[in-house]
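As structure tokens, here come the structures.
Each of the next two complexes has subunit A plus one more chain, namely subunit B in the first and subunit C in the second.
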Partner chain A sequence: MERLTRREMLRLTAGGIAAWTLGAPRWSWSAPASDPYAAARIDWRQLAGERIHILVTPAHYFTKFRAITPEFTRLTGIEVTFEVIPPREMREKAVLDLSARTGNYASHTADPMYLPLYAVNNWVEPLDLFLNDHKLTDRAWFDLEDIVPLWRRHNTVRGRLWGMPVEGEVTIHIYRKDVYDQLGLRPPETLDELRETARRAHAPARNLYGLALRGFRGAGQNMYIWPSLFRAYGGQWFDHAGRPTVNSEAGVRALEYYVSVLREFAPRGVENWNWPEIMEAFAAGTVVQYIDANSTASVIENPAKSKVAGKIGYQRWPKGPTGKRVTSIWNWAMPVNAALPARKKQATWLYIQWLASRPTQLRSATFKEAPDAVVRTGVNRMSIWRDPDYRRVIAFTPDYADVVLTSLREDTDADWRPRIPEWPEIGEVMAIAIQEALVGRKTPKQALDDANAELRRVLRR
Partner chain B sequence: MSCATVTSLRALPRVAAMLVAVAVWVVPVLWVVATSLKPRTDIFTLPPRLWFTPTFEHYRVALGTADILRGLSNSALVATLTMLLTLLISIPAGYAYARLRFPYREPLFFYTLFTQMAPPVGFLIPFFLAFSRLRLLDTHAGIVLIYLSMSVPFAVWLMTTYFLDVPRELEEAALVDGCSRGRALVRVVLPQVYGGVAVTAVLSFINAWNEFIYASVLTGARVRMAPVAIFGFLTTEETLWGPFAATAVLIMGPVVVLALLAQRQIVRGLTLGAFR
Partner chain C sequence: MRPSRIYPSPGEGPAASAELPGAVPGGRALPRLDREARLALLLVGPSLAVLLAVSTVPLLVLLGASLFRIELTRPWVGGFVGVANYAAMLEDVRFWHSLQVTAVYTLTSVALQLLLGLAFALALSAVVRGQGLLRVAVLLPMILTPVVVGLVWRTLLLTPRYGLLDYLSILLGLGSHSWLGDPRLALGAVIVMHTWQWTPFVFLVLAAALAALPVEPYEAALVDGATPWQRFRFLTLPLLRPAIVTVVVIRLIIALRAFDAIYAATGGGPGTATEILNLYAYRVAFNSLNLGYGAALTTALLLFTLGATVVFGRVRGAVEASP
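Here is the complex of A and B:
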């Protein structure tokens, strides 16, 4: 039954690809609302009549999820409403709701770095409560092990899973293949080679800059990119006694690298650039390369939005001096709010299970909610990443899918960022230090010494 | 050199200074308007392109987004209600402070402004908790109450100072002629302070129309206000600057129209009374 369902899904996806490439204005097949779900040995309608309200961030994948959620309502009789608000405001609202135990939001798209904070306060329920409940979950059908292992590990605190990954990304090196070809450059294998390609391609007189990385201050901005450098240089966040060690030699060298490449080769004002600014500059053809989320491909490869579509190359992070490539670990994690009544918690779990399941992930990946809708590049299941049909849909270049899949498998590092309840404060302290070094207010050594002292204070509290 | 030329030459630095001051205010607004009309690939061109073929595509996208339309109508409803209720409360209250004698008048007047002395964000969490218990989160009534708590104290203070400037003799004559106090207020005193009423009305409308912090925390999917709805264009993959700017222009529009309509009264209101 499961094989047949899977094959059927693949066939439908292939049909979808055909429609998409032929420029069909709307998804041209009618979806099988509940077929693949009938294979799950649970009663999907056990909580019919419940209503849940979910807080999500504006993103194409949530637009797709929201667009197909009426199918969940038809399947289960559970009504789902959404509130859409950008990540920063969403975090504030979620933390306020959880800490005040008002139970307004059944679930939200959580930043996994906040899960230790949620867990230590028991603001959300550990998901094994639901995963191990045979009435609520068919483990064989759901196949938790198929969900990207490091994302699951990232969302695990004290041995328990607190948020289900529903979408994610890795950071990769994105470069202008045409410029590289013109200059006879090879994609860099190491960070030193990356600096060299930036130097050779840097031509500010022609409004073309060698490299851009996130410079904007924030735990999710410059502290989304710099930790990869820190770890690739061999940096450790803490010593064996749990004392912070960000000002180690490795740390200082990682920050010196970051500051020097950006000061020399990035456009002016990069200290205020976050990923949208970098991506826009790259799409406008003024930046040769950047390292950021693989999901940006769906925008920069769209000719209506980008002047460089079709001229782009992708590869994994260059290696640091330790020989390691370190990418980000990022996923949107969906928890179950602990302040809800029992039945609402169960209804929320049914929704999370449905959303994270293979049929929903596969179907939403290519769902076209609007004529110019993009494809999802952050599905949560390894089996979909290996699926030839899905790989064809995201073949921006012949090796794009492989670059992402290999990064997911080999370049992730569980200690990429410190996963402790104090993270929100640690992230901010580090973000300020990195930006201070970038704008030259402090030397990298000074900035990290000060940050390390501040982190000690934060951790002692 | 004629007298007139000398005068105009002398005025030159002053005119230049005024132009710079106006430019500081106008350029960002024009920038937003230009961005709302630029094709997407031209928005980030460096140096910025001044001549371009305008497109209304971003307005089409903005107005085609259900959240934006609902946001604008929610904001219009909430801001209008706030404005009307503010006037309804602040006119009689201001008049009472200006004319009537009652116990604790002075300390009460001082405490009217008390709530304005802390930054609004200080009340955010208490309001959130209270609203959560009272089931006022994400309701029109709730957010109007919050905006009233912000606009009424200031409006009462403003109206009081306007009423204090009206000569007592005017209404005393009306009272002697047999008018009740209420009638004297409406017929005789109020026409003297129309400028002040216009200033109070416009300020309370604009405050409610533009407010963001409370709107973002205390409202949700049901009563989403325009300044919060516009945030939907800051997506995780990209900032949709075109529709974002178009919505910003749509949000600015009513305020500009309102200010222009009430311009004469506002100028009169600002030059009369307390601000003289």
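Here is the complex of A and C:
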């Protein structure tokens, strides 16, 4: 290796710094000619100097949000700091903070299923307090009605909105188009046909498995997928008197379906799989199909991360015996912690408003926080979903965006899972029952009978 | 070894206490003692207060909470319920199940650790060269954080088809298994995991005890023509007994409190197959948000741990008292 003289070294360093400085503006986001935030008729700087601390998960969309948050600080003078923790631990920390009323976290990425619990304890503020404050919100500019209606309904308890959707998803059927074509299979219309395609494509000797669904125990894991089957089979969570009815015939048949397809066609160990394991197995080409969040598309369609990019088909959930397709409903909801002083609450609202606004959502959708960054597939605004530019970015297949939009519009309702304060315990009881049936510790009927008795005890009904 | 042998206890009479510096019998010495005691209290006071604040106060809060009904999912109910939370345990199937899992998990893993640790210690005491290196190698698992151990076992070692141990199992003709997902295997798998991590601790203590054994009895035994087994059975084992009892007590307490590795490896599943009492109490309190009942479960665990400690303390006392 040639030795550099000191002079050469200095020259190189200086050149490097110059190149970096000149190049920098191209990497960072450049503001459009007319500032979209200036159009809002509020004083963005009214709370300059405030500091807020927010708890988020490490998901890629929050990484993007965090990366562009300095823009918010420049706009408002409000400083935002983050704490990043995986979902399960994040939820526990949030609940501890809220229940102790310590006010550590001005806001956090809440699970909408927890909003009834938050609301009944008055741990968070109803957002209409801020939405209807003309000093804080320009309703016309913010355009609340543009935010995906189903997500808003999901975050509404007793007629009031408690958390602002900033990102969301639906579950859809994702399959290997090339394998389907090879075998002459048609995308399944019903759950029975889905089982048939799994049977036909299942080839464990070639390390290719027919189907995978979440098997890991948890209110947000197996209890995020199985409820769709339960509802598609006609299951109801409660009877007219509010007593739990998960062990109805529909429930038992839905669990039998889930257990039998996974035991026959899923890779061994699926009972410990959550969505990352499923997505990775699919990306590695060892699973023919799965039903899970549409957001996994941005990873499995990324050639750097997936062997099967470009060979994938997407469609809505197959229909159950009732003729209904039922998808899941999910969004990350941002509430305002009720334990904060008034000015911090307002500052938090300004941040939430900024984050959920159209310009921020649009910009963060394709923001590259890292060279291998993926695109957001869960923007919260209908107008962006209809925007041709955005649709081009997420056109993994010509109909991907329509599959997602139609699922969101037609295939579920806000009460897909029981939205009551006791949800954390209900979710846990059901998750255990589903997993016990899956691993064969109990029959589906036994598991659900026991779970129903347990739910009656929990709910005292 | 016990403090009472070095320092006389107050019960041993004035003659004994006279040995304490400054403690001259008679009223005149008392003021000085008081002054010293005051100074001692002043010096120890702050740390004592901190200790009380961070250990005793939370414990009292826990005991108090276990007598109340505190459910965050139902803020409108609540109030003092006496021992109702403890009575509820009697009918709680999941509690009894977790107790059973805890018993199997604790007893099996401590027994395995003791056997393996003793075997390693004996084997290594015969090694002359490279003992230091071997010791470091054996200690590695213990240095890892339990969460990391849980994750490593879950992913690198036990994943069906790709995990190292599953691969060995296939090579041995035992076939591929979902070690952490099969309810018949999961508890065994977490016991093995725990044993893997904590055998080094047993090994460390017993190896040190072995190295400190006197040589004379062994020389005498050799002269008498004792076989290796006889030397082990009638010399090594009795001489090691105090160390074995100590290590079992410490391991029992830690095993009863196990949490992180199981939490990371199975989360208590499949179903509730590996849900030890600690994990169940945690789920009740932080998942179902039933704080009163969670506190009662935790108190129960505390009592079990205390019971185990007392029982083994007695055994240890008996061992030490025996000639």
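The rule is short, and it goes like this: the second predicted complex is superposed on the first by the 428 of 461 C-alpha atoms of A that agree within 3 Å, B and C clash if a C-alpha of one lies under 4 Å from a C-alpha of the other, contacts with A are read in each partner's own complex, and residues count from 1 in each chain.
The definition used in the following text is that a residue touches a chain if its C-beta (ideal position, glycine included) is under 8 Å from a C-beta of that chain, and two chains touch if they have at least 3 such contacts.
Bear in mind the structure is a predicted one, so any value in this text is a computation, not a measurement.
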item	value
Subunit B versus subunit C as contact partner of A:92, first or second or both or neither	both
Subunit B versus subunit C as contact partner of A:298, first or second or both or neither	first
Which of subunit B and subunit C A:234 touches, first, second, both or neither	neither
First, second, both or neither for A:187, with subunit B first and subunit C second	neither
Contacts of A:280 with subunit B and subunit C, given as first, second, both or neither	first
Partner chain(s) touched by A:82 [first = subunit B, second = subunit C, both, neither]	first
Which superposed partner A:117 touches (first subunit B, second subunit C, both, neither)	second
Those residues of subunit A which subunit B touches in one complex and subunit C touches in the other	92, 96
Complex contacts: residues of subunit A adjacent to subunit C	92, 95-96, 99, 117, 120-121, 215-218, 267-272, 421-425, 428, 432, 435-436, 438-442, 458
Interface residues, subunit A side, partner subunit B - complex	53, 57-60, 81-87, 89, 92-93, 96, 100, 102, 104, 207, 276, 279-281, 283-284, 286, 295-296, 298-299, 304-307, 374
Subunit A-facing residues of subunit C, complex	72-75, 154, 159-161, 176-178, 180-183, 266-273, 283, 286-290
Residues of subunit B that touch subunit A when the two form their complex	40-41, 43-46, 67, 125, 128-129, 132, 137, 216-217, 220-221, 224, 228, 231-239
